[in-house]
């Protein structure tokens, strides 16, 4: 039973492969009467576009989005919004040599094990290119959030061994790695350069913050807001961990340290990450995700071929050195989709 | 739009509050013809029962489960299985003094903000007591897994500042903290004793391992197995973080370090935690959760009353010092529910 | 993939068999802060109770409902409402002779074919007794509708060959067959008496009317209000047909006859049955269901035994002569559940 | 909460308006490894294409379908199948005069009441053109059914006052009205000619038969096969009634007449329409739908304008005289979608 739909009220179904003719998303449940045009969506797509910098893929995709339905005279109508992004620079030939081999760290083998068939061209549906549809749909969700004064921002706080505790939000837009610390960003760039030369790849940590979120979102007991965010973020290919607020650090804190005291001015601290008992508390929602290093590396690795015989592989193709920073808008998109869905869900119990 | 149902094919709906007459679960989608009796379920319930040790709640609940439907002559019939556990030792009076105050770290205020009403007795639906229904349902899921030779085991690997890298699975049952390292368990006990005296509480880390899981489970792109596990585990009240395989450590690894080489004998390492591209790869599935310290502490804290005026609070009641070890079978239950659901989901595409 | 849950926002899961210890319903998604007590529910349950008249089953069930969760100090809390009705007069022995034979017109064989196992006692889950849980849950839905000035009434307009075009709503409560025409009701009673003596059974037609329903409910294109009502009503065991407004008669009308002209005073006619393009139009919603004759008859019938050998059967047990009038509150319940769900669903797109 | 998705395991989401750039369907849950090419789908689309005969719309749409994803080297991959049909002959201008008026019998007003906005061009999403996506998706479902030796055929058995009891399946393809009785078809054609001249429109009855369906499909108690079919068929715009097997006639039959006796050769009769207790019994599944006359007629009608003032309207545009026969493949599509979904759902409880 397939799983290409996200959300319950604001519901997004995505489709498309890395090397098919197009990818897209169908949004069902977007409230009617909302202004929406292409530029709203294009802006976010441009942020995740390949080919923006040194550490990244040379695949050149314009990622131009079209809206095929659900809009009338610039307003949403309440009917499904169909978004489409055509693939323009899909060079399938580049993947011919991967047809008979399973790339370590990729879903090549698991897709085959699951479906009994796989589209080997660029990872098919397992490609990070799939996230273009998430970002497009997420931009629509972001519009709904903006109308409710909710803003979602993601940023890089660690890359390989370089990390930062600084949160200068103004600096995020001033470096291509989306790091809220320009000095750390410069260190990260040096690291990227070094790792690139070695043929290896890098992971990192992205933090996502949602401000302006009203208290009351999240659905106990199984669809708590933190649970929903965890699923949303973990469903991004490269993510191997999700934490909310104090997260894994909470394991080492005492109750008296981790509890956020309530004061007339609000919560004194935000170890909860804006979520208590699975429900938003009105404070900033803060989540962090662990991003694994890109598995496609230039170094020789041990693997198996289709006949399950041991072979050596060097993955060519046009790959990034790290999922960061292109994963940053994807993380934002997943948080936007989650919050928009829960914002609309909450309306079912309000007067 | 409420969220008390978990799963798509093996679907569990739970209900009940800490101080209501009973709690329960309705399982829809359990395959017919499977042997099931009370002892299968009672065994797991006994493992999460209160009052097992020094650091724990003195509330005495027998947690005796009844099966009200879905079984005929010892076999499941394919119709809904209704499980019920009556509350026997619910002393609501003990919570009268909490009626007008919001406990820090609890959902008291967020429940009120969400629903405009709250059952203050013992946390109502937000109580950890809610997990009794998860464990009961999880025991049925575990039966399905057992028939497919899948075993799920959780264990404590950190408590406060004490942690271990040892995984002696035989030692788990030899200490009440379910730690696979008896020496670490002894250290943890000392820590519990110390923290208990101070009136404070402790968090920790629980690891869950599923062995025997076939390759192919998980539903790209939004309902990947890791995403599903993340939601499942994060939906447990005290959990603030979830990671799979190398998890947050992956952020600091190079691709060449984090990739699991394929060999004719299987994957050489298991940084993937048994999941690649959201699909199980046949290796052990390994997840870890960060458990926050119990927010109910004996120390004085700042908070607000119903009129939003600052007050001091010392939380009385009958509370545990840590969600560990009682959360251990709850973690197992959520993983069992997730895997059983995905095991049955996979059948829809198999011949 | 099982189907014991109804609704998307107001979501009901039912469980229980004819001869198990109890039956029940769990309602998830009921808005918080609504007054609800047992008498609200009991009133509807009493209307479908067995043993009310000549043509009906002698099984004596008090059908006393208990609320196990979701209510605090007389108000709904927004958490799941668990309703339970214990079976008191389940004489399983009476079904022993049916253990090895398939009753014509019943689900005995299809349940076995589907599940590979069946609970033969009184039809198990396929028993009309299952509807007790629908009626209990429907009573809660009815409360929500009442708060929105929506009233749902069902009544008998045909029984066997006796039918009526009269709609004297005041007369419905004046005869046990719930017929809005006392003369027709008297004719129906005579027919029942006659058929009862012959050992045969009767079908009929029930009409359901919902008044006060606001325009705008229903979800194009697949979950239109008429589609939702059709599923809801057809899911009642004895129902073999559902029509809305002019229904099957529309097939023989011209467009100029069937169209409802719009006037400043409202629609001139109501051939639409209150639903246009799948969305309520503010007029009365009118649906009719065809109820098949009860398959359990005293006459000898041809059938097969478990070995698929031909045998004769006379069905004993304690059966009604017709599903009417006990199906009347069940029809109301299903319409209440449908409308409450769609009323809440509509809130997701309203300001 | 929107409703543009149909099915649980074989899940179809449709999108698109009458006068937008395109319409489409995304299928999630199609089993992998199935051969699928455009001709499979185009064949069904051609059967519902406009402009096939005297009584029909002169809008000329080639209805050429493209597959944008989910297929690799001619086989389904298990990933979402995106189908698109571009609108080529959408003359929006023709609807300018309808901008300020509500057409009787159409959803013009209810869409506005629901969404607060409507796309008046050709009915927007409420247009019968929406069914092109259902037929495209239904063709994929039909492939799955064909692999399981299930065949679905719909045909016209009544048009206005002309009806037939003949079921000569060979004659269906021999007349454009898809009637299994050539003589009745000729009568219907005469009636169409007559009504066309009068500026009025016609309804009728379509029967759908599914043969080869295995016993065991359908999900008690709310998602019974008959309930699922009722929803599926009633969700087609022009349908006002659905009946299974003996349907409304069952209301007037005795139990001894309506029960289908079981014999070693199968059921002696098929009053059940192939479904008992909501589960297929292996016999032919037979459903009938009442199709209302097309509401767009050339005759003058009373209605309201946007200011709710009374006005006269004559609906121009390019309309059919009857939804029959173009609705015939749409009925087939909805039954194919329903059966394919339930066929796959049943796999979750089979070994």
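Just so it is clear, A, B, C and D label the chains in written order, and each chain counts residues from 1 on its own.
Just so it is clear, contacts are C-beta pairs under 8 Å (C-beta built on N, C-alpha and C of every residue); 3 or more make two chains touch, one makes a residue touch a chain.
Computed from a predicted model, the values in this text were never measured in an experiment.
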{"item": "Listed chain pair A-C, A-D or C-D that repeats interface B-D [over half of contact pairs the same by residue number]", "value": "A-C"}
{"item": "B-C against A-C, pair bridged by the larger set of C-beta contacts", "value": "B-C"}
{"item": "Cα-centroid distance, chain B relative to chain C, in whole angstrom", "value": "39"}
{"item": "Gap in Å, rounded to a whole number, between the CA centres of chain B and chain A", "value": "26"}
{"item": "Inter-chain centre distance, chain A versus chain C - centres from mean C-alpha coordinates, in Å", "value": "46"}
{"item": "Junction residues of chain A, two or more chains touched", "value": "1-5, 8-9, 14, 29, 32, 78-79, 114-115, 125, 220, 344-345, 348-349"}
{"item": "Residue ranges of chain C touching chain D (in the complex, touch as defined)", "value": "1-6, 8-9, 14, 102, 104-107, 109-111, 113-115, 125-126, 130, 158, 160-161, 195, 200-205, 215-224, 226-235, 237, 239-264, 268, 271-273, 276-282, 290-297, 299, 301-304, 308-310, 345-346, 348-349"}
{"item": "Of all residues in chain B, those that touch chain D in their complex", "value": "1, 8-9, 29, 31-32, 78-79, 220, 344-345, 347-350"}
{"item": "Chain A-facing residues of chain D, complex", "value": "1-5, 8-9, 11, 13-17, 20-24, 26, 28-29, 32-33, 66, 68-70, 72, 75, 77-82, 84, 114-119, 124-125, 344, 348"}
